[in-house]
Amino acid sequence: MLRIKNLDAGYGKLKVLRRISMHVSAGEIVTIIGANGAGKTTLLGAISGLLRNRTGEILFEKKVIQHLSPEKIVFMGCSLVPEGRQVFSTMSVKENLLLGAYVQHRRDRRHDAHQDLDRMYSLFPRLREREQQLAGTLSGGEQQMLAIARALMAKPKLIMMDEPSMGLAPLIVRDIFAIIRKLREEGNTVLLVEQNAKVALGIADRGYVIETGRIILQGQADDLLSNRDVQRAYLGRDLDAEVKLS
Amino acid sequence: MAILAVRDLNKRFGGLQAVKDVSFTVTAGSIKALIGPNGAGKTTLFNLISGVLSPDSGDIFFGDMQIEGMKPFQIAEKGMSRTFQHIRLFPNMTAIENIMIGRHTHSRAGFIAGMFSLPWTWKEESRIRSRSREILDFLGISGLADSESTSLAYGQQRIVELGRALACEPKLLLLDEPAAGLNIKETAEMANLITKVKNLGITVLIVEHDMSLVMNISDEVIVLSYGQKIADDVPLAIQKNTEVIRVYLGEEEC
Amino acid sequence: MNIELFFQYLVAGVTYGTIYAIVAIGFNIIYNTTGIINFAQGEFVMLGGMTAVTLHAFLPLPIAILSAVMITMVIGALIEITFIRWLISPSVLRMIIITIGISILVREIALHIWGAGVKALPYFSGTAVSAISIGDVHISPQVLWVIGVSAVMVICLNLFFTYTLPGRQMRACSANRDAARLCGINAKNMVTLSFVLSAGIGALAGCVVSPITYVQYDGGTALAIKGFTVAILGGLGNSMAAVAAGLLLGILESFSIWVMPTAYKDVISISILLLILFVRPSGLFGSKEAAQLKEF
Amino acid sequence: MARNRHLQAFLLIAAVAAVQLATMISDTQHYLTQLTMSGYYSLVIIGLCLLIGYAGQISLGHAGFFAIGGYTSAFLTTYDLTPVSDKAFIAFLSRTGMLVSTADLYGGQVLHLHPWAACLIAILLAIIVAYAIGGPVLKLKGHYLAMATLGFGTIVYKVVLGTEQFGAADGISEVPEFALLPGIAVSGKLSMRIMNYYIAWGLVILGVVLLSNLVHSRVGRALRSIHGAEDAANAMGVNTGRYKLNMFVISAVFAAIGGVFLTHYNGGIGPSEASIMKSVRYVAIVAIGGMANLWGALVMGFVLNFLSLRGYFGSYDDAVFGAILIIIMLFTPEGLLRRDLFSDIRSLFGSGKDLEEKV
Amino acid sequence: MKVAKLAVLLLAMTLMVVSPVLAKETIKIGAILAVTGPAAFLGAPEEKTLVMMVDDINKKGGIKGHALELIVKDSGASPEKALSFAKQLIEEDKVLAIIGPSTSGETMKIKGVAEEGKTILLSCAAAEVIVNPVAKYVFKTPQKDSYAVIKIFEEMKKMGISKIGVLSSNTGFGKAGKEQIEKLAPEHGITILVNEVYDKAASDLTAEVTKLKAANVQALINWSIEPAQSIVIKNARQIGFNGQIFQSHGFGNIKYVEAALPAAEGVIFPAGRLLVADTLPNSNPQKAVLEKYKKEYEQKNRGEEVSTFGGHAYDALLILTKAIEKAGSTDKEAVRNAIENLKGVVGTAGIFNFSPQDHNGLDINSFEMLTVKNGKFAVLPEPKAKKK
């Protein structure tokens, strides 16, 4: 579904990503893990088109998209739930969701978003309760749900999520991940960027480990979970220390 | 002896309680680490200590001075300097010029002296320059002195930023995620440098995500979660603390 | 001060205030979608008035005004497309200087097209001296036109932003530009639209007030400064507050004449601007918390 | 570094002298009039260049400081004290040599403050105003800073325009010459033209040397650090607020000195000197010269003011500056004459350069 | 086509050889005018007038065989530019005389330069200080403000008005008028109850006129040359001010009347006779000159209405040509002396009689009291005089 070849990207003179190659197949959950500043968000920015300064090749459903603007990429069916939620805080929950459906409206002028709204409300019952509330007044977890729902309103073929667990209470994180799993069950494809490597690898099919802008490891999620280097650097286990301890 | 003591610190942004009743001390000459999940309030706490933000309530003692509410430059003059999570080097300046800015608090040429280029300022300038060179040597990057700061590699920029903070000759050095974006090898180098800094007798307070770094070099670790302190102990104890494991390492999840 | 005099000052103040408020709303529309203060905002008012006067020579008044508003909207779009659209994340300083440059250029072009003379549309109803008298208070019907058109404009804008898709999209862009793009909204078109919209309301304002105040090639700058004062007073980006702030400033100015030489009238309003900037940059009606997140 | 600067200053002195000699040889000494005037405007511009380019603070009100200098000096040196000469304070001033008596155009005598005293008062006033206004203004950023300085400029303009003591719209005329030393005076008289050319450019050279020293000093480094990353500079112990304020005051003083001297040279000042268009013009010239390029600003300040004063732009004077502003800011926001100009030209022929700018 | 071009070329060449105009050296005349900027309404018609006249004079063979060369500099109403231009014109272009500047402020700044450069300055600005006290080389063509004020006060006396309100704009023109009103009012038994200065760019003056109305003044004098003067009368009538409205001679522009109709109806103001040229009796000595200028100007500028400001430039160049003719040379001193002794020059502003003490040359009769009748300027009838 998504295939990236030799992607370089960065801000201004600063190059953050170097020669990234990866792919996501339909129906998969793929996760990208790595430390702060490794370039995970940059990678999603480059795929979604928010970051213009990129070279290499990005194919979405066999079509080249690395020169397209974010709105065109969304229109093709590749949506991003950005880091830090970024809901339209001065607008109501419903307005947020309706804006998410704009892409569908563009595909088909007569498209009626209300069916999708209902679907979202059944997926996130909390949002129905808060339909008329301003998005900025929601709690962090609710905002994250709104951001995911808003992206889903576009009926994307691939949904990318940037650190959905960031700053959320464990209970909420569990809810969010339950939803991601549910999305996959419904046949969605998910590209997940997470710092919480353990949780991410727990629900993903495959994973990539990114370090200082390069992919240093890739493989099945389970293999990565048991990989010693990964454990040491990203799972917070200093094996040497543990060895010493025991 | 505590060089830094924080007592009942609170900071609220709108509806979010970013720092809640946090108290801790940092022993002179030690390395203390501050960890916690994203959004736990680590950077806010750092900003409160370094004067970027002023607390809603609570006290911060630096040595025997009460410093909360002071401006960052005043706190820097008192002998506390810091680095930034997102590198904040001065663009359009060379590496050595960046470090020379660090000598600001230790020199005094003002506007009038500068305009008239008074002879004593020449001597001061050359002192600043030679001291900055020493710092570059100490960090092992003397070869980069005249490179434009923004053209340096990421890891080198981190080191220059460390050097800039060292040039203040701080009693307390605050490092905000010094290993962010570094690879394993660079992280190890950074760990070495930080230990070297400690050996100079400088106290270090560090915010870091990289556990290998934190656990290897720090003498004590504080864990924050939702703006509250949930643990404050030596690294080995922290690693075994179930509360910490639950909120931070995510052991119980999934 | 007797009661008639009081009301006469009040009416004068409301007239000024309405004009300021409309210019301020124009500022806010562009500011909200782009974060730019368009220093050429006053020029839209001037262009609208000038074009309408020129067209009125051979077109009936309503059609002349309508066409003038259209033409100014096109000019607004052209300005945005030529000077703003293709810049990638320009710095604030750069945008300030560019829009000031545009303002000067538009003014100079207007000077060479229309000359330095003053122009005005005829009164929409009645003549220059007809007045509606309530006791000893006299109100020109044109004042009612100004207030009425402005009120309708504010209401229409509100409906537009609340209930139409483009209106919502513009609000989305102002709330979070990147997120809006991730919803498939073409943010650049929204910026163009915001220029078109604010050019349109500026031009309409120019037409409506021209019988009272006249239009002259260099009339835009003074209006822009007043409009900005009002926008700040109300809290940058908040259009409803701009109306309140506009009326407040207009009435304040009007009453200031009672105690101060008129030559210093502008000094008063600008001093208020400075004071607000120093003490409460979020504006009288803006929320302080929201303002903390903005760059001052 | 320092040697380089001395060389530059020396070259400037040589250029100034060469221009004068050239006009003498080619019998075009009349150019010196406009050269002198643009010299004084250049003083404003180099001061503003440091404020914008090094401290990173825009000011759209610098014509206000120019006017404060010019008007104060003009007012104090034309205000006739004869009717009150018997008052104790005036008599005291007179005894201390602070007062002089000048013959006016019609043979009358005007007793007024000595130009030196007036000049010092003007500069002092500019400093006070700059501190008073700069304190709160410089806490603002971006649009707010631009508008606040614009507002300050407008207030000065409206005040000089509305105040009768300042001649309202006519401005102040018949300002006497400024005798710097016996035999050396700032005056528009033909016979003193060469001397005045050297006075003006002497001041400019002095100003440039002082400012270029400043740029290369500890203070200049701190200013650049503020411009680059203000929070980091603050964390390194740079009192960013005070540095910005001091720089603002210095640039205001440069503007005021330009105002004082030009007023004595012109023998008067009008409200147009305080107008917003003038302030915008100063910013335009700094922008063209390269925001952080003292020498670029100086060259452009001299060239554009000279052309404008010679009337080369005709009726398009303001339009020219408007167009320049747009073009420069659209295509080379770093200014026309900037340090990496040559490398940029080279890269222009290489790969297409992204216009992206770091915020 | 080619033949025609060739013919024109040949003709031109013959003219060059034959014509005595180009054989003699040209006379350079400088003009510093506010063609653009805040005083463009003065400078623009002045420039057009001068260009038109110089063309005309040159077509007719110049002045005594000398062609005129006009050098116009646009000062944009900035004194510092006017100063720079004045020095250029005097030293580099070595002009015989400078016409302009348009505003008083500029004129006052370059007065000294003209004196030092011993060059004739024919200012088109109104302020009385320009020629009072007299400077040797400085002349001016617009009528004195004091005469305008006296004319108005005399008219007030006839109408029995003694309590007035004064409004003026914050320009040189407004300021000069205000000063004269303040100075002359006591002598004429007039009390000023309200005296306000407003911004020249003011767009609504309701608050100001309300203040006047509240003070119960019998008449209002407004002194400005900006569009604000139309606004004043409109606002005054709107709020129901019923007193007589007087304007300055700055009202002499039919556009302002049109902009303020019907409020402008009945406004009284002093002005030169240019505006009412067609209604003057044939016996009036100025009639021919006025009609000629008006016709030529309006033809040349596509129907743009003539204004008194252009007339000031007309008079300036007229006086200069007469003086050159009289002096019979192009020597600055000779021409200056000639101007000082010119008598009976019929210009647009009136009949100029210069003397070493009077560098304006106009007397109070150069003003006529005009009024607006049916949207047009008309000479104010004198009903009270008839009653006697």
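Letters are used for the chains, namely A, B, C, D and E, taken in the order the chains are written, and counting of residues starts over at 1 for each.
Just so it is clear, contacts are C-beta pairs under 8 Å (C-beta built on N, C-alpha and C of every residue); 3 or more make two chains touch, one makes a residue touch a chain.
Keep in mind the model is a prediction, meaning the values are calculated, not measured.
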Centre to centre, using CA atoms, which chain is the farthest one from chain D?
A
Contact tally winner between C-D and A-C is C-D
Chain B to chain C, mean C-alpha position gap in Å, rounds to 48
CA centroids of chain D and chain E: separation to the nearest Å works out as 36
Whole-Å gap between the CA centroids of chain B and chain D:
42
Between chain B and chain E, the Cα-mean centres are separated in Å by 74
Flagged in chain A as touching 2+ other chains are 52
In chain B, residues with contacts to at least two other chains
none
Could you check chain C for residues that touch two or more other chains and list them?
88, 261, 263, 266
Where on chain A is chain B touching in the complex?
13-14, 35-39, 137, 163, 166-170, 173-174, 177, 195-196, 198-199, 202-203, 211-212, 229, 232-233, 235-238, 241-242, 245
Contacts from chain D onto chain E in the complex sit at residues 30, 33-34, 37, 105-106, 158, 161-162, 164, 167-171, 173-174, 188-190, 262, 266-273, 308-311, 314-315, 317-318
Per the touch rule above, chain E residues touching chain C in the complex are 36, 38, 40-41, 44, 170, 196-199, 201-204, 206-208, 210-211, 214, 227, 230-231, 234, 237-240, 255-256, 259-263
Of all residues in chain C, which touch chain E in the complex?
1-2, 5, 8-9, 11-13, 15-16, 19, 111, 115-118, 120, 127-131, 133, 136, 138-140, 209, 212-214, 216, 218-219, 222, 253-255, 257-258, 261-263, 265-266
Can you name the residues of chain D that touch chain B in the complex?
2, 210-211, 213-214, 217-222, 224-225, 228-229, 231-241, 246-247, 250, 292, 358
